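The two complexes that follow have chain A in common; it is paired with chain B in the first and with chain C in the second.
Moving on to the complex of A and B:
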């Protein structure tokens, strides 16, 4: 394969980056106090009748209960959903009003596909660092069960025109434009508008391009289930999760799955590629419903409220790739964002103690790792002397990730930030420096958002 | 939560029908509301000792309407029978028969409280007989009272005055509507420890309290009651009950701690959370409990062990952590929830009754360990309480169970919570190692 195009970090950008680093030193810290999410449920399961607002409110109320935030005026709450009803135009503010927080807590919605949750954390952390707010709640929610269904374009135009005309004959004339096919509803799909391909089909291209084997994907899926189940058994989620609608664990988790069982599943994506299809329902995330929240604060606010300080939000970076013309895979943006973020912070992959690479598909994680290990990709696409490097796999998604937990799009960022913050806090220091974690989340539209957290 | 039968026979035609047929006639009990009068009428203090005078003076200082002599046909809110100087059984006659003349003048939901001394500390057989006589007298009178009136007794250890903080605290509790479902019971005042709260409507102001098993039922009621009385709450329950727990935490403006209390480190986690988040720890209420009923002949290790582990072993382990902690030294209070099953036994509940009997044994033996830090530990033993759990008992069994007490009805979770809130307060410092039943004077296990 050949890679062309500009380097990820040119000389100019490096010097700017250094200036940015120095600037950051004078800012105050934004700390992760903790988090709360509801268990994630496979679509059509326990949360079939729950709206985004219901679930986000439940996640908020659990956070409020955990940290005693009743009647507290939080600096700002930001959350979002990928699949949104038009009535959810003020989703987060409505959830705040339905929660035990002070009604004087402002809120805004944010939407960046699957990166929504992580981007709310980064945006709010920046406001805290700048001194604009002292406390914040970041979050995300998604329901594929309670998805919005729109009327067809034809019906929509007729209805709008009907509202504009005044007389009965005019109305009848507008109505006469209706055709039976206009009455069919327009359901949402996860296909990319510019390619018409689903995310899974896109990833199948990338998986094949990087020659990721079925066995490697199944192994990653198996590890995810095993690690998540072990984390539950160890009580890791006791202060990260509040049950909801009878669910006490993520319903997608298969604690008893085996490599043999995963090997029996039939491929579902990439069946027309010519190459062997390797992506199954077992090594791809299912559609999921759920919500997550993260409490962020300045050190002073956390201290004044006698709350824990688990981790510091160090830095974040977004990237996007040109998948439309096939230059890069749809979900490969983090492969570019991470090297840029590491360089700006003077770090290498070896300086990271926990890698939280969101498992949209096992193939996504493995393609990203393969790209980082690839000499040519490193030279031609990342502008490095060679490969970015490889990671110690024992540091990867140690408490499971989306393949096991499920992936309610906008809720994944909050899940990862809260879990990683707790892991970093428990780890404490490594070689005399704070333990460090890297988060990478790919998103629709060829985007990716990544972040670094450190133990406080 | 008042059962339908009680509502039906409390007024109108239902009242007449029940009376004619000789059916049980439970009344809707007067329950505590902040700011309400302590008792529903004047208080008659019977007894000629100096301490009776001192007690009457104390009640007057609470702005109560106090009588030292009965006024014929005046409705009374309470009769206090001061019997602290009995030398022989014959001494009972004077004050008891004087009080008898006023029994018919008691208002609905009135109170009779005896104040006597422990038989164990009596100087001779005759005084022991007299003191022990109060026990039978009081319990019988409780069964004779009607219309929500109750009779309870305060028993003073030697050297403890009628106006010691806990004697007055217990008197206030028994007189008030907080003790609505406590009937035919005694509280022993072991010492002059404790102090009366500055504001009787906020007796727990400034305290940090932990309640286990707080997600629902009696535990949630305890959390609400302690919050109403001014405490800051840490509510604890198993992670699987976290959604209900969060709702309770948000209602009582406290914090939720999802924790399996059978964990080895549960005690330390509770201490760390309370001290870390709220700066101190004053009160621990061991409420979490489970039932796994089975006849002993059919008992399996799972059922037996899980009940023992949650209901008593966890309490013992948490108490060890509390006793070892420097953070639990400032007049701390522990209150455990026992059960009348642990006293009277219950078919199909050998495991549960063993665990609840264990709670009572534990409480007695732990009391001396808390004494040097001015702490106290007590248990409350609920009888038939209207909860989600008892609502699942088959109708006929439930109907019989809830009528088998002097008040002819089931108690409410709040009734248990009120007793716990009293024992968790500063005023209960002189009461320790005791088991207080909240059972409406249940006929079983008396």
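Moving on to the complex of A and C:
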């Protein structure tokens, strides 16, 4: 194990890892019953005036209608939003109250940047496995259009002080501190607080470090659009999606895009690096609005309600990297989480039938794959004997991913889990074992959450 | 629908023009005396292929506390149909003065969800001209169908009172209704209504009746302050009842003391369930928490 690396086997000895697997086997299963989302809309589009609560409720109501959950008391609902107004402190509970679920359904909010949606699935699945709850709805929502805007620090301090003083002269004195610049609002941005670099600029550093070409990124983006369009045409999303505000498909999807068209786009990130700038609006995800939900249950609950059991939530792993001073790329945490998760479950990349690697940027997916194929990275950073390995690209994001669908931050996890569960169910068994899928989602703050699902 | 076939209007009538016309008619009748008969117009009006504007729908939903779903709230459909009803009340042969009419009660039957993407045919007519101890009342009925279809998806009956108008041949009820005694229950909600409540609802409903807009415009029509739209209050109560009502339901409201703005309104919503726990209805009443005067009562119930 390298001193500076993140060991793939984790703190446990490998013999203990086997025991851990046995421990999990004694738990009951958490199954994915199905999911529902609204089509994702490019920011400033169809959902411009819809709030996070509106969209989450719309996705939830579609799920309720699909699985007959009217008046049902669900064990727990967890969801979240990355861009969230402080008045939405109980966003998920409010969405539940506005939905057709029983008002006696508890709910909580969770926030882990872009990993929010997947983390709600893992947390709730764990509760089901432990027998604490029998049913759960995981979800996420984000609106870049209806983003909260804060007042400036200067105005905020004045307003708070104004509340604390009693007399008119005191009030005037407090107000006199206001300067014109204090009236400028404070809009959210995608910059990392500690580096000031936007997510795209961070990824541009990583993309250049791993020498990912423009052509490879454009090819990944092209595949994403082509695969998503084909999935829509095949009716794959018919039972995964409810139309909302006139949209029936993700509005970012360009079914007719071509490699030639993608090649004409001008780079938008990494223009001041020594290396050639390769990241364009075509191979980066746009800001998007949308919401997704996933229905989870114990086997008994699903059977009692005569609902399908698509897939089992096997295991999950979170990781974080020290990106602040450039030791690793901001979005490279999954490169460490996946080897640990595979090792704990006694698996290799070859044992995976579907790879769902969230496309924050084409460069993110390709940098992660490059790291896994790199001998040096495998030895010094993952503590392995060599490279983790390479994947069969035909198993990667086969029904499209975020580059085509868009990426409403907290909604992406639910989109992927529901789609993957359906794909696994359709695939059934592979070589006598259940079909297996790997989800990997990178997140701001140098974090990542990954998970394994198996066909039920 | 009674009587003759409705008159098909080519376009949705403009409410602002209708109000201006109503004011002109009121002035003319004041000078020349009333020339309208004592019977209701023999036919209704119909506008076909009406579509909700999604931006307007979202603003309405946010204002009354509905989630911005694709389903049109029952109160939004009332607002959508209102110009057609207004055009009936604006006809030269409509016997009552439109301005200053008081909304006494409202009944809605919603027979299924209507999505904002659907084109609708809206028909409206007047019926049940009758005596009231304080004047003359009339029912304005509106029906909403999917364009080209015959099944009624939404039917609203608004009962209005023309205060102080007594038409020959229409008797007023012999005994004035005894004021029901009301003792306020413990509230389940408390609404804070700002002075701009009427303007905000006017903006999303299109109902720019001057009595709702400002103190001055309300005073011009004889009120001491502007008052909240009745349908705004009822729509908030409907939103408060929530998703338990499903897609088909009955929604009634009877208005009592007007809500002068700004105001605090106390509200009680209590639901009735079957022994097995199935929802039957949610009854609501609202009152002034200071004076205890009741503003409105109503119910949302299984159809």
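Here is the rule we use: the second predicted complex is superposed on the first by the 438 of 456 C-alpha atoms of A that agree within 3 Å, B and C clash if a C-alpha of one lies under 4 Å from a C-alpha of the other, contacts with A are read in each partner's own complex, and residues count from 1 in each chain.
Methods note: a residue touches a chain if its C-beta (ideal position, glycine included) is under 8 Å from a C-beta of that chain, and two chains touch if they have at least 3 such contacts.
In this text the structure is predicted, and so the values were computed from the model without any measurement.
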{"item": "Combined model on chain A where chain B meets chain C, clash or fit", "value": "clash"}
{"item": "Partner chain(s) touched by A:235 [first = chain B, second = chain C, both, neither]", "value": "first"}
{"item": "Touched partner set for A:308, first chain B, second chain C, both or neither", "value": "first"}
{"item": "First (chain B), second (chain C), both or neither touched by A:61", "value": "both"}
{"item": "Contacts of A:100 with chain B and chain C, given as first, second, both or neither", "value": "both"}
{"item": "First (chain B), second (chain C), both or neither touched by A:328", "value": "neither"}
{"item": "Which of chain B and chain C A:109 touches, first, second, both or neither", "value": "neither"}
{"item": "Chain B versus chain C as contact partner of A:243, first or second or both or neither", "value": "both"}
{"item": "Chain B versus chain C as contact partner of A:359, first or second or both or neither", "value": "neither"}
{"item": "Single chain B stretch clashing with chain C - from 134-142, 386-394 or 422-430", "value": "386-394"}
{"item": "Touching both chain C and chain B, counted on chain A across the two superposed complexes", "value": "58, 61, 70-71, 100, 243-244"}
{"item": "For the chain A and chain B complex, residues of the former touching the latter", "value": "58, 61-62, 64-68, 70-71, 100, 235, 237-239, 241-244, 248, 306-308"}
{"item": "Chain B to chain A touching residues, read off their complex", "value": "239-243, 245-247, 249-250, 253-260, 263, 276-279"}
{"item": "In the complex with chain C, residue positions of chain A that touch it", "value": "49-51, 53-54, 57-58, 61, 70-71, 95, 97-100, 103, 243-246"}
{"item": "Interface residues, chain C side, partner chain A - complex", "value": "54-55, 58-59, 61-62, 67-70, 116-117, 242-244, 246, 279"}
